[in-house]
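In the two complexes that follow, chain A is the common piece, with chain B as its partner first and chain C second.
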Partner chain A sequence: MPQVKIIAKNFMDMVASLPAIKLDMLYRNQFICEAILRSLPPLAKKYVLQMLYIDVPITSKSLQEWVIADGSSKHKVAIDRLIQLRVLEVIDRKKETAYKLNSTFQTNLRKHLINGGILPREPMPSNVTARLPTLEELDAYAHGQWECFLLQLISSGQAERSTSFSSSMMRIFQRGLLRQREKEVPRLTESGFQFLLMDTNAQLWYVIREYISNSEEQGVDQADLIAFLLELSFHTTGEAYSLNTLTDDQRAMIKDLADLGLVKLQQGRKESWFIPTKLATNLSVSLTDSSLRKQGFVVVETNFRLYAYSSSKLHCEILRLFSRVEYQLPNLIVGAITKESLYNAFENGITAEQIITFLQQNAHPRVAEKTPAVPENVTDQIRLWETDLNRVEMTPAHCYDEFPSRDVFEAASDFARVHCGLLWEDPKKMRMVVKAEIHMLMREHLRGNK
Partner chain B sequence: MAPAPSKLYADDVSLVVVLLDTNPFFWSSSSLSFSQFLSHVLAFFNAILTLNQLNQVVVIATGYNSCDYIFDSSSDLNRSFENGRMPVMCSSLLQKLEEFLIKDEQFSKEEPDGRIKSSLLSGSLSMALCYIQRVFRSGALHPHPRVPIDSCYIGAQNSAFLQQASYITGGVHHKPQNLDGLFQYLMTIFATDLHSRSFLNLPKPVGVDFRASCFCHKDTIDMGYICSVCLSIFCKHHKKCSTCGSVFGQAQSEVASASDKKRKTPET
Partner chain C sequence: MVNATKGLFISCDIPMAQFIINLNASMPASQKFIIHVLDSTHFFVQPDVAGMIRSAISEFRDQNSYEKPS
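Up next is the complex of A and B:
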């Protein structure tokens, strides 16, 4: 089965692809320097810190001496990444290459370490803002907004309210995830299914990446948008920031971000403000960070029954992808993992690993403490059922028959064996099956012999 | 001197517990002033917190009468300030430090003079290790954390204890030659997360002095007496162990000569 993988590309890869002038402008912002530093591989972070206060170029040979032999591949990855992000500048002397930190980046990171960065906006005083939502309410809001957006994205028709994204914007997000034939209800593609099973952070990156890629058409500069998003990740969750501190472009962006659940917009008597949620402040953290796992809700039993403590329509849709949902109670979804439901999922392009990872990552806290979180017999069976569909392996081949003599047959069979193309032979009846790749070579060989 | 145990969660996330030696008897005679030292060290803390959103720094001050926590980056007060982190950290840390120093000095006013005013390193080390254990109990990820102890020694002599501690726990011991550049030493050597340590060329232990020192005089000795209960080392025979209080019997050499005498008498 073809494995299509959505690579929710890292934000930083996007940053790295910006032209040099724009990248230099980005590095004037201390917070962006910090965000870039945090996104680097650990060895690269070390190199940046070590070179922070060195003004002269360092030869690549000296740099190599910092690592032991075992780490040379990691060393190369780190250096390449630093050059890609233009944090490290290459100075080609006649005899050997040397490296120096990007001076804008260096100056601003130094300032950041010694003085600490101050954002261009301060939280508003509490006497102006009305009752602010608590962190739990804010989390619930962010979660609700994001789910609503996702439901609309997969156009299951179950979204309670529609977002304010224009339909053209939604179509751009849906590109690759949904396939619509004429007069048919849009169906999820393989990538669409995989997208649904990814965790929230990965999904968020995917959507934001599409949003940024299309911002040029909306008339917003990509670098500005990236700078604003990175800056947003350093604000304090739950604090109110006045909308007056935003530029016009940023104000337009803020409404879209509110639809995604990154910020909450509120209005007071005279002023209006935005409150960053956890989704926003975790933007600069890496994709694989496990501390952002939201609370799990799925219990899988050894008898293949599934109990999901959730009232979310999105969760129900996701579970329907690979299990048979039997009842839906106000706070509980009951279902069973059956061979039919799994075959259905496999046909749609979902792999057993994705299903198992989804179940493990979303395991209810009660079962998450146990190892394994999902019973082994269930995970083994899911994998076995997947291999069921892979029982037959097809290789294009040719069958050779009616050899004139035993010698010719044996010579041909040895020839095929030498070229690793012999799949099957029957010496008694002098027949053999050879891989299609070496068919032409076989013909030449047989003609040669005759 | 300022040792610093560090911990690993995953990849390069680190918990760094720093033991700052604040012994005024040492700092008053040091070539690097305490305030200059603090400016290097505070920038070092900020660098660690900058490297990863999940990094945590805890500082324990080691005085000559007491030890206490003076900074924890994960406490609510400090956590919410990604914005303007350095000013908040500095003011909070320096204030607590000053309160600690005043309290530390007050303890000695109650005691008689004449005691050697050495820093209570073992006390602060125990506090640090207990803190780390507690954090890991609640994390349930690594039941037995590996805690390397790095030590940065500032001063004229050498500390055999710190060298041994760093060597045995797999940490790094270094005595910076040029104290003007202390920040650069801290950045290059001590700000390395545990994951990267396996790939970097860090100062290797050269000529660690492995000899034991006796508990009564702190002299290095080659032969001595050991308590069989707590393994404390003494250079001469004592009636009672000063660490665990167990009572010792007669010295082995005295017992041997007594039985020898007894045996000799019947023969003659």
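Up next is the complex of A and C:
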């Protein structure tokens, strides 16, 4: 089974890893071109726009002259990214490398700039759709769906109503997040804990990524799915779009997306339609921006007590990961951050930084106005408790002594330093400790010197 | 002739170093694990004692804290 790594915001890496033909196919869609453009690092964005109306290849040398010497590392990152995404094509001439924008990408982005984007489907007129939910209702719906999904993900028993994902599908989402030993309740793995502390957009991308790679196994084209998702993110929140405009694959997918809270499905007398929620329209935005501020709910006091104004079971479960929940009122969870509760969290692979970021991001509006939102003595103590766990550092090593002469000793210590393996040396006693990795090299070096 | 010994290099703060020295001293002679005390914060020990030292430290830490029963 492939190791699933939890990294937020790496959807574009997934796009970049698609084979060349599929990428070219993706670039035929103007919206994808725009979404890709949005996801680029700033410098790369600038390059694309600057090269948009240049039809001849540009040599790498003249590209380099666009930045001052200090920016060369950023320049390299930008160029690498562009080549990876096949936005830039490399043309090798005799001695020089030259770059050119991918022609499909170029024409489509130009068209998009001039004409603006035209979605493949129009919102439905309001006389057909009797009553659309208000934006608040839609937000509440999306939030509810997503939370229900998450609860089902981490503990199948707790969700009040279950989503229509088949249990095999659920297991795919859970792989990597949960670990089940025989006849035991499944336990969250390290990455599962980290997953819960991520913000919604990052979580969403993780689930979508799993979803996409799974549907590949079932014979649905990955590129199609990505194209549809990115396109969906350019629809207007709260407008209704007819289901008839979708292909069969897309219609199958939209049901799953409704379970995640990305869209709301509704049915009229004759037609049915879908309404994209904020979760969907934020998809392509979230690739660059750090997530939009959610309404926070946690108040942390300087005495390490924690008040969470929430009735959600999910929030309670998350807080339980690193604090000791003392009592629960209908709209309030009261807990304490203790050394023991934190050690539990650290054992499960959550880092102090993650906990602190979580507390800061979810700070109640009243305390979020203040800086710092979480009292400094609490954040410092959390960090201190974490470093307290790592007071001893151990490295496999070899110890060398009884050097015949100072020259041999110094040559050997220089040799180890060059190979970044010198851990400790004592010139007086002529003794040194070297990382185990370079023991073989050291041995050869010492033998050669004899 | 240069002599090489396989082992584990430990780097820690001074109180922890004292704890490790004390731990070593409390062991029967056959199980002493420190090969060299390099300086006040560095040791060179037997290669297979990493787990034993870590569990001894965490036990020590647990003795120093009290959790209110719920």
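Here is the rule we go by: the second predicted complex is superposed on the first by the 378 of 450 C-alpha atoms of A that agree within 3 Å, B and C clash if a C-alpha of one lies under 4 Å from a C-alpha of the other, contacts with A are read in each partner's own complex, and residues count from 1 in each chain.
Here is the rule we go by: contacts are C-beta pairs under 8 Å (C-beta built on N, C-alpha and C of every residue); 3 or more make two chains touch, one makes a residue touch a chain.
Computed from a predicted model, the values in this text were never measured in an experiment.
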Contacts of A:433 with chain B and chain C, given as first, second, both or neither: second
Touched partner set for A:38, first chain B, second chain C, both or neither: first
First (chain B), second (chain C), both or neither touched by A:223: neither
Partner chain(s) touched by A:53 [first = chain B, second = chain C, both, neither]: first
Chain B versus chain C as contact partner of A:280, first or second or both or neither: neither
Partner chain(s) touched by A:75 [first = chain B, second = chain C, both, neither]: first
Touching partner for A:338 - first (chain B), second (chain C), both, neither: second
Chain B/chain C common contact set on chain A: none
Chain A-touching residues of chain B, taken from the complex the two chains share: 10-12, 43, 46-47, 50-54, 80-89, 140, 183-184, 187-188, 191-193, 195-196, 198-201
Contact footprint of chain C on chain A as seen in their complex: 324, 326, 338-340, 388, 391-404, 408, 412, 423-424, 426, 431, 433, 435-436, 439, 442-443, 446
Residues of chain A that touch chain B when the two form their complex: 34, 37-38, 42-43, 45-46, 49-50, 52-53, 65-68, 70-71, 74-75, 112-119, 234-236, 281, 284-285, 289-291, 369
Contact set on chain C toward chain A in their complex: 1-13, 16, 20, 35-36, 38-39, 42, 44, 47, 50, 53-54, 57, 61, 65, 67, 70
